[in-house]
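Quick one: structure below, then a few questions.
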Amino acid sequence: YAEKINIAAAADLKFAMDEIVAKFREVNAKDDVDVIYGSSGKFYTQIQQGAPYDLYFSADIAFPRELAKSGFSFSEVIPYAFGRIVLWSATMEANKMSLDSLTSSKISHIAIANPKHAPYGKRAEEALRASRLWERVEPKLVYGENIAHTAQFVQTGNAQVGIIALSLALNPALANKGGYWLIPDTLHAPLEQAFIITKRAQGNDLAKKFADYMRSSATRTIMTKYGFVLPN
Amino acid sequence: MMHLTPSDIQAIWLTIKLAGVVTLILLLIGTPIAWWLARTKVWWKRPIGAVIALPLVLPPSVLGFYLLLAMGPNGPVGQFTQALGIGHLPFTFWGLVIASIFYSLPFMVQPLQNAFEAIGERPLEVAATLRASPLDAFFTVAVPLALPGFITASILTFAHTVGEFGVVLMIGGNIPGETRVASVQIYDHVEALEYMQAHSLSAVMLIFSFAVLLCVYTWRPSVKRVG
Amino acid sequence: MMHLTPSDIQAIWLTIKLAGVVTLILLLIGTPIAWWLARTKVWWKRPIGAVIALPLVLPPSVLGFYLLLAMGPNGPVGQFTQALGIGHLPFTFWGLVIASIFYSLPFMVQPLQNAFEAIGERPLEVAATLRASPLDAFFTVAVPLALPGFITASILTFAHTVGEFGVVLMIGGNIPGETRVASVQIYDHVEALEYMQAHSLSAVMLIFSFAVLLCVYTWRPSVKRVG
Amino acid sequence: MQGIEARFKLDWPTFNLNVDLHLPARSVIALFGDSGSGKTTLLRCIAGLEKAPEGRLIVNGEIWQDERHWLPTHKRGLGYVFQEASLFTHLTVMGNLLYGKRRIPDDQKVSLDQAIELLGISHLLDRKPDRLSGGERSRVSIARALAANPSILLMDEPLAALDLKRKQEIIPYLERLHEALKIPVIYVSHSADEVARLADYLVVMEKGHALASGSLADTLTRLDLPIHLGQDAGVVLNATVVELDQSWHLARIAFDGGSLWTHDQAFSIGKRVRVQVLARDVSLATEIPSQSSIQNVLQGFVDAIADDNHPSLALVRVKVGNVMLLSRLTKRAVSSLGVATGQSVWLQIKSVALME
Amino acid sequence: MQGIEARFKLDWPTFNLNVDLHLPARSVIALFGDSGSGKTTLLRCIAGLEKAPEGRLIVNGEIWQDERHWLPTHKRGLGYVFQEASLFTHLTVMGNLLYGKRRIPDDQKVSLDQAIELLGISHLLDRKPDRLSGGERSRVSIARALAANPSILLMDEPLAALDLKRKQEIIPYLERLHEALKIPVIYVSHSADEVARLADYLVVMEKGHALASGSLADTLTRLDLPIHLGQDAGVVLNATVVELDQSWHLARIAFDGGSLWTHDQAFSIGKRVRVQVLARDVSLATEIPSQSSIQNVLQGFVDAIADDNHPSLALVRVKVGNVMLLSRLTKRAVSSLGVATGQSVWLQIKSVALME
């Protein structure tokens, strides 16, 4: 009989995961896979409260680790990608910029995700600090709730530039605008992303099957296409 | 432009069901509370009135967070429902219902309380002299006279439940067909930068709501008072 | 447990300022609208009444997104404010104010409209025979008689503005001291799993709000009607 | 035990009610008194709308209120005509009338159709109360109270807003109704005329106290009270029709002291009627009066003479047969005629008001 | 141009108002008519509370309404006593009284203190209206209308809720006020007594039309109308005090046809007064009456005889000097006395009601 799984996935995975799941469905037509995108932190809290998620793809490895430690995980913590951040703009030639351009007086607002709880925001802050620009650009910063929201600030022109996920910048909805500038990953700690099979999915073969599918070459191609750097 | 995916349509139905159920239940719960607040003379009605308005001041997703904690396996409500054999409420439709009730209560109670107060004692006294028991008088006199208040309260409650997603997202977990209501669906579309779909769904919601509101307003009686 | 960081305190002040300003402005805007809706007999008051309630049915952050579009450099409102030399409204306190006004309008208008309707014609007729111009009668008769409605409307508006964060987050940009209100701050604490800080700030908000509400309810006159 | 026993004590900062009344069953009891004397408050206590803590109310043997009992208003089976018409604004006139009627058993005694016709409200049945005139509203509220088939009727100035013609139609109807239903009616009125026509029993209120309480005959001839009835002091007589003069539409009625001519109201001989004789309509003469348009002349003896409400006026109580009549004269006339207690006088009665 | 020209046409589904009235300035104009005849509606049109589309209203030369003009109510400078007291519930009694007074210049003519005292509401000033009795509320609303120093006063049954004693205090006050202010007063009343005491001019309404409109003397002696005044048909005389009898508190007043004794109200010789003589208080005799308590006897000639409101009764109009008086008799008395037009008769007047 057909099985069913709910996948809770970090919002930055949206485009890659949609494609992966479509491919997966081709192979496992009778099975039912639902993906729910959202903030990794929210999923973390909800899983602790018994949310019906079978797989949890976090944007930050810290959350699955914490869950594994407190016994909410059935599998070990499985890293699946490293995230990269880019400088992106809808109105300027971002590919000709660098972080130093952010001090330009033409730029009044710079959007980053909230470093307090969004992993991409945290890396953005680290990169700015490492470039010794933080103090100078901080007054211009506006904080998005998550990376998609940050992109919207930029996309609507309210912020001239933003630091967003590479996966987002490669998205067709945003890609054609002004290009992007990849921020060197030496400027920030690696943004290691990982997933787990939750305790709830203990006996669920489909969950296991999907976890395995993540290692398939088809999946790896898709992930790379969307700007994720794969582990090893 | 108005192309809706099946999951959009599912979300709309779920929204209408949720808002309808919440409005109905709140009519049942809110009416006696409002009636009591309007008519009692005990001093502690004032703190109670204030407590009812309190959920409003917390951000919805924070309220959702606290409700999640309370209704979860380790929370008091959760342990209670578990003991009753209902299981846990978060991530279920009824969990959403309960959370929305909690959050929308002031929108039901406050307009009703005002409407009941505006009726005054006299019509109820008259009803009593015409053999109507208090309950009878309540339904045959107080409710019809407070009709504009009922309509306002229901509109605010319904619309607020339709629009609310902070609580719903937190407690519902965004599960298709179960807790993924239209507001969450639109939010997802926006987050996924699927603007066309967000626009379509928003437009459908707006047009539908406008039609419903227009019907309600057209049918709504105006208040009449004889000096 | 009640330890608040300086940025928490800053957020609380900003919240009070925002909710206060929004409530005040909405009193100024909403009162004439409610008065007009309560007293006019033109048929198109009904569609207008429905339109006012519409913003309610959109999820706040989606509404915020549309406002972000509209108020941005390419949006109609943005181009207008630019032409006026005000610049752009997103990421500013006044942008929040305008968005909240838009979102909270029905909470102001609806209870006021009901309260005005419940007054009836007679007191205004009496005032006119005692030389009071319509404006004079409005302030000296209609407003005092509709006081419970004003209080309900103000409470719902104020509390709703305090609690709302979807819209605020969307167009405010979470800038400390400018647009980072308490609801966003609590939300950030929860998202960052800083539960103790979230609890403290929530508790402060609740206690403060309870105190304010209690004062308002205690001072609130009950409606009196003479048969 | 028949009758109404009503004892209430209310202490409001500005007003104290303190009454202890024993009222006859099946009577029309008039509540008379100045504005603010507590008439409405008393009715509200009886109806159970005001909760007087130390009250006691027994109506025809049924305890409505005492230390231990409290019968809520809707179980008291009363009809109340409020001082202000107080119609339900969400119902039509017909809806208002049916509201009470629907809540009583079907075999009720008051015919709604008849009430509607007699109160002249049949053309108003479909209207909402906000489209009625003041008098129309008060007629509807009388009909509404009657339709609920009360076992006691409380009426607070029910006819104040009506024109004389209307009143003259409604009063006989109320009288007939009272006769048919055999229920007590407590009736607040400022019109001595109405009181005299309708009431058997009179309670005079002053500042929350019952200044006087007694049968109409007793209270109306008490010379210390009529000041409250103002210009309309007078007495009420029970009489029997003994002769009809069809050509002149007159009827002769006999009472315990003589007979009087009055208008014929399609009477039959032997019918019992009530008539009112106002003090202002009675003049005295020491000789038998000569050719005059006044056709009613009786002989009697002066029983008492008292001051009236103006220093120039006196009220003279005259015993005619077994009943007392009142006459209002100027003191100068008392003096010039030499009217004194015990003296024989002729009473010329200008007009006699029929009450049934 | 002095006086009030009022023409209104209203077409409601259930009621049509159609009046065209020319009313004298400075008069008390009584509006009399059945319940639902349109009295309140007419007052509302005059006050500008009802907008009759084809109306025309000119008050003492000032256009308040015509095809082109519409003066809003608050600029009409009127005082309106509503049929229902309609006090502001959010203000105390004093707040209600001051509401209008605050909105007029300081040099107003009506003393609020005096109104408060005469209406007996000084002990109520701090109360909210929901703590007042029905009569108290209506007194406050009279005082409130007066305090706004109106240039025309519209009163809709202002005294209906009051007891006789109160009425007797208030009516003379209203009379004095009217004299002092010299403003027109339009007064709705169901009481013929009040009308006769207060009014100079009478408008009788029926089904939205003015059935009659004319000076009190004219309308009251029109024999086709008195049915509307019911039992209280009568006339009003203007007279002068010519003699005082201090020992008996009596005053003799002379009018255009003789003199009458009445109560002394601290008069001085030469004072002009108005008195009412009711038809029911006038009896006729064909010989000069002998020793009787009736002290007022006049001689006159029968002018007309008409049916009254009962088949047994007749109204006889008698010319005394230059004025007409009415007498109500049974038809049998008319016949037995042989009263006929032109005949000389003696009028015995039992009581004369003073109006100032």
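Going in written order, the chains are labelled A, B, C, D and E, and every chain counts its residues from 1.
What we mean here is this: a residue touches a chain if its C-beta (ideal position, glycine included) is under 8 Å from a C-beta of that chain, and two chains touch if they have at least 3 such contacts.
Keep in mind that this is a model prediction, so the values were computed, not measured.
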Report the chain whose mean Cα position is at the greatest distance from that of chain C.
-> D
Any chance you could check whether C-E or A-C wins on number of contacting C-beta pairs?
-> C-E
Rounded to the nearest Å, the gap between Cα centres of chain A and chain B is 35
How many angstrom lie between the CA centroids of chain B and chain D, rounded to a whole number?
-> 56
Roughly how far is chain B from chain E, going centre to centre by Cα mean, in whole Å?
-> 60
Listing for chain A: what residues touch at least two other chains?
-> 42, 45, 149, 152
Counting only residues that touch at least 2 other chains, which ones in chain E make the list?
-> 82, 84, 86
By residue number and range, which residues of chain B touch two or more other chains?
-> 65, 122, 190, 224-225, 227
Chain A - residues contacting chain C, complex = 39, 41-42, 44-45, 109, 111, 114, 116-118, 141-145, 149, 152-153, 156-159
Within the complex, which stretch of chain C touches chain B?
-> 46-47, 49-51, 53-54, 56-63, 65-66, 106-107, 110-111, 113-115, 117-122, 148-149, 152, 155-156, 159-160, 162-166, 183-184, 186-187, 190, 198, 202, 205-206, 209-210, 213-214, 216-218, 222-227
Residue ranges of chain D touching chain B (in the complex, touch as defined) | 47-49, 72-74, 77-80, 82, 85-91, 99-100, 103-104, 128-130, 132, 137, 144-145, 148
Partner chain B, residues of chain A touching it in the complex = 6, 11, 14-15, 34, 36-38, 42, 45-46, 48-53, 146, 148-149, 151-152, 155, 171, 173-174
Residues of chain C touching chain E in their complex?
-> 122-123, 125-134, 136-137, 140-141, 144-145, 147, 221, 224-226
